[in-house]
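Each structure below is given as C-alpha cells.
Same chain, two partners: chain A is paired with chain B first, then with chain C.
Presenting the complex of A and B:
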C-alpha cells in the first residue's frame, strides 16, 4: 500500500499538449529582432495613419478602441465563465452615466469619474451575478435581456441620475481634449485592460473561471467555489464595462439614453466578441478596429455604387456584421482569433503555426 | 372604488397579452421541439407588418395581410434552413447568438427597405368599428379579432398535437430526438414545421398589433414584443402551450397594472421593471413556470 502513497517520479515525461505541436525551439537573434519589430511596425503604421488623416479618423478609431474594451467585458462572461449577457447596453450605459454624473455633480476630474464608473459598473454586474447563481444558461440570458430593457427604459431616463431625455455632459481630461489625444488615452486604457485580462487568466481565478465554464460540478469537486468565482467574473466584466462606459461618455461629450439600445450596443458588442473570437483578446481588439473602420469606409465606397446604397450604408454594415457573425459561428468558431492567436504565440517565441489555438477553442460553451 | 381603477387595466392587459401570447406560443413551439431560444421571433412579426403595409396599396388590404403572413413564414423557413439546421448539433447558446445575429441583420434590412426609422401609420383593421364598452374601455372589433385569433390558434394547436400523426411526431421529437429518428421521424421536417408555425404565429401578431397601436416602426417586434413574449413563455413554463397563453394574458395585465397609476416622471419605463420583476421572481420561485412540467 505504501507504494501508492509515494510521490510519482519527478522525471515522468510529460507528453506534448494534445493537438498542439509546441516546438520549443528558441528563436535566434534575428528571430527576436523580427518579433520585437512587429509591434513597433504596427505602432508606426497606426501613428502614420492617425497623423496623416483628419481628426475624424482618430475619433472613429477611438470608438473602435472603446468597443474593444466593452467587447472584452462581454468576453469575460461569455468566453471565460460561460454566462451569456444580452443586456450589455446596461453595463456600458451605467458606466457612462455614472461618469457623467460624477463629472457634473462633484468633480470634473475625468480619472476620478473613470474609477467611480468602473466600481459602479462592477457592483451592478455583481448584483446581476447573484441572480446568475440561481438561474443558469439560456434562462439567465433572458434575465440579462430584461435587465437591459429596464436600464434602457427606466434607469437611463431617471431625471435625478441622467438628467432625463436631455442627457448629461461628460467633458474630456484637459491633456487629451483633442480627438487625437483622446485616441491616445483610449488606447492606453485598452492596453491596460488587455494586460490585466492577460495576466488575470494566468492566475488561479482565471483558471477557476474556465473550469466553471467547462463544468460547474467538476469545478466544485476540485475545490473551486463556484459562486465566488462566478461573482468575481461578473465583477471583472462590470469593471471593464464601467471603464468602457466612461470612455464612451467622454468621447461623445454628452450621454443620452437613446445611445444605449439593445441592437446598437448589446448585439453589436456580442457580434464583435463572437467574430473576434471568444477567449481571443487579440482577435476581439483587432476586429473592433476592423468593425469601425468598415463602418466608416464602406459607406464612402458605397457612394461609388449609387445614392440609395450610400444613404443606407450604415444599415448595410449592420446586415453584413450579422451575417459575418453567423458565418463565423457555422464555419470558424474561433473567429478572427484563428489568425491573431498564432501571431500572439509567435511573439512569445514559438514558431508561427496556424491551426490549433490551444486553451479551448470550441466556440461558445455554456451549459443550459 | 379600487375595482373601477383596476378593471380597465385588466381589459387592456388581456388584449395586449393576447398578442404576447401569439408570439410566446411560437417561442414555446421552437423551444419544446428543438431547445432553441429564438431571438429572431420578434422580427417575424415586423416582417409581416412590413409585408402588409408595403403591398396594401397595390393589392388591397386583405390580400396584403396574406402577403405579410406568408413573408413571415418564408423568413422563418429560410432562417431554419440556412442558419438553424447547419448549427443544430452545436451548444444551445451558439444557436441563441445565431438567432440574435439573425435579428440584427433582419432589423437592419428593414431599415434599408423601410426608409430608416420612418413611422408607418397603420389605420386599416380587419373588422372596423367598436364592439362594446367594457368597464369604460372601448373594445374595438380588431381587439376582439386578436383575442379570437389566440383562441383559434390555441384550440387548433391542441387538436393538432392530440389527433394528428405529425403533431405526435413533433411531441415525440421534443422528448427524445434520437429515439424519434430511429422510429422514422425526420427531424429536419419537424424542425421546419415548428419554425414555419412560429413564423405564422409571429406573422399573425405582426399584422394584428399595428392597427391597435395605430403605427409602427422598424424593429418594433424585437423592441415591443420579444421580451414580454419570452417572459410570458417562461411564466407559463417554456414548454407548455396553454402556459404560454396564460403567461401572455397575465403579463399583459401585470404590465397595464404597473403603468396605470405611476406617472412616467416618477418612474419611467414601469412596464419594463414589472417584466423584469415577474421574470426574476418566477425563475427564482418556480422555475418550471405556472403550467410547465419540466424545468
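Presenting the complex of A and C:
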C-alpha cells in the first residue's frame, strides 16, 4: 500500500495499556488441547448431572435453556440496538401459541411448527419495530408495555387461536419426548441460536445495530440505513422469541393465556438479560441456568430453616433476583458476562485475563 | 468538473434563519475551506449536504446527481465521507470495529447471509479486516487497532475519525474542524497529512477550519460564512484579507440573534444525534 505518513514524536499515539490490549500470541498445542477440553468437560458435567438426577431436574434445566433463548431475544433489542422492551410476554406467547396452533390444526411436525413460530414471532416484532421508528425512549417502552397487555388480554384469549381458557396443546417430537430428551433438543436449539447470534454480531447487521444504539447519526454517516437495521433487529429478536415460545409450549405440553404475564415472563427475562450481562451471550445463557437452578434448589434449602420460609420460598426467589438485578446495575453493569467473556476470549485463542473487552465508562467528549 | 454543488440552500429553525441562499461549489481534487465565526452556519450547511437536515430551499448535486432528497446513509454510500465537530465514532467499540462498521456500504453479502454464517461472508469479513488494517497502518494508527474508542485522547479520536471516514471510501471528504484542539504546530502537521491523503486517495476535501494559517496554506478556494450568508469567496489570501472577513472575525457588534442562532443550532445537533428524523419545519 501507500507510504506511511510521518508524524512528530510528540504525537505518537499512546502505547498499548496492559489489561486492555488484547494478547495476540498464539497458544501452543497444549493450549489448544486445553481449550478443546473445556467444552467437553462442561458437557461431561452436564451429562453427569442429568443422568444422576431425576427427570424433573432435566425439565428444570430445559426451562432454563428456554429462558436463555428468550433472554437472548431481549438482548438483541435492549443490548444490541438499544430499544427497551417491556412486553416480551407477547413475543414469547405469540411464538408459543403459534407453534401450538400449527401442531393442532395442520401438522404434527414440531420442527415445522418451530419454523412457523419463529417467522410469526419475527413478523409481530417487525410490526412493533415500525412503531419504534416513530416513538423513542420512554415512550416506546410504554408502547411495548401496552403491546404486552394487549397480547395478554386480547390476543391470548382469542378462542380460535389459543383455545381460550382451556389452552392449546403442543406435543413434543417423538424422538425428544422424555424430559431428558427434551433438554437435549432445547440445548441443541440454544446452541444454534448462540451460533447465529455470534455470527450476527460478527458481521454487517450486528455492527450496524451497535452503531445505531450509540448514535443514529454516526450510523447513517457510516452508510447504515437506520430504519432498515432497527427493523432488522426487531425481526431477529422476534425470531429468537418465536423459537423460545415454541420450545416453551412443547415443554409444558399445553399453554394457556395465564402462562404469559408481565411478571412471569417479561420481567424475568429482562432480569436474566441484565444480570447475565447485556451484549454478553455467554453470561446470559449461564445465568439463565443459574436462575432456574436457584429457583429449584432455594425452596428446598429453605425447608431446613422453617416451614413458613419454605412455604413462601417462591417469592424469595423473585425478591432475590430483583435485588441481584439492582446490584448488577450498580456494581457490575456487564453482569455475569464480566466473568464469562474472558473465558470466551480464551477459547478463541487469546491469553486468559480478566478485564473488559470494550465499553469503558469514560466519555468520548473530552474536548479541551 | 464539480464534485459538489450546493445551490441557494436556505434553512430555518423556527424563527431563526440559519442559512440564506448559500451556494458552494467544490471541484474535483480541490481542498475547499469553509470559514466564519461561531454560529455562522458552517456545520448547518454540512448537515444539509450530508442529509441530516432537509433545507427548505435549494438543491445539492453530488457528482452530477441531485441528492437533495436522499437520506443521509445513501449520500454516505454514494461517496460523501464526513467527520463531526464532536467526534462521531461508536465509542463502546474498538478502533478496528469502527473501521469495519464504516465499510458497511461496501459489503456485498446480505445481513441474513452474515447471520447464518455463509462461507462467503467469512471471506468478505477477512477482506474488510485487511482493508481496515491497511488504512490504519497508512494513518499510523495501527497500534490502536484493538483499543476501545472510549478513553482515547481527543486529538487521537479526531485522527481515528478521519480513518473511519476514509473507510467509507469517499470521493468527497467533509471535515468539521479537523484541527480543533490542536496547537499551531500540530495544525501544520495536519495540513501535511491532509495534502498527503488527498494524493494517496484521490480525494476532494471540503473542510470547516478555524486555523487560518492552515486554511491559507492548503486550501485551493475558500468560502466565508457569516450570519448564515455567504460573506465572500475566493482564493485563500484574498478571503483572508477581505475587509468584511476581518471585521467579521474581529467582531463588530454581535447581535443577540447571532448567539441565539448558535445556541439553537447546538441544541438541534444534540437532538439530532439522538434521533434521525429530519428537523425541517
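The rule we apply is simple: the second predicted complex is superposed on the first by the 339 of 368 C-alpha atoms of A that agree within 3 Å, B and C clash if a C-alpha of one lies under 4 Å from a C-alpha of the other, contacts with A are read in each partner's own complex, and residues count from 1 in each chain.
In this text, contacts are C-beta pairs under 8 Å (C-beta built on N, C-alpha and C of every residue); 3 or more make two chains touch, one makes a residue touch a chain.
Here the structure is a predicted model, which is why all the values come from computation and not from measurement.
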item	value
Contacts of A:208 with chain B and chain C, given as first, second, both or neither	second
Touched partner set for A:218, first chain B, second chain C, both or neither	second
Which superposed partner A:232 touches (first chain B, second chain C, both, neither)	second
Contacts of A:33 with chain B and chain C, given as first, second, both or neither	neither
First (chain B), second (chain C), both or neither touched by A:199	second
Touching partner for A:45 - first (chain B), second (chain C), both, neither	neither
Doubly contacted residues of chain A, that is, touched by chain B and again by chain C	363-366, 368
Contact set on chain A toward chain B in their complex	84, 86, 131, 134-135, 137-139, 141-143, 145-147, 149-150, 152-154, 157-159, 262-263, 267-268, 270-271, 274, 312, 315-319, 321-323, 325-326, 329-330, 333, 363-366, 368
Residue numbers on chain C that touch chain A, as the complex places them	50-52, 71-74, 76-77, 82, 84, 86-94, 97, 100-102, 104-105, 107, 109, 111-112, 114-117, 121, 125, 134, 137-141, 143-144, 146-157, 164, 168, 180-181, 185-186, 189, 192-193, 196-197, 200, 272-276
Residues of chain B that touch chain A when the two form their complex	35, 37, 39, 83, 86-87, 90-94, 96-98, 100-109, 111-112, 116, 219, 222-223, 226-227, 230-231, 234, 265, 267-273, 275-276, 279-280, 283-284, 287
Touching residues on chain A, where the partner in the complex is chain C	1-8, 11-17, 20-22, 136, 195-196, 199-200, 202-208, 210-211, 214-226, 229, 232, 236, 358-368
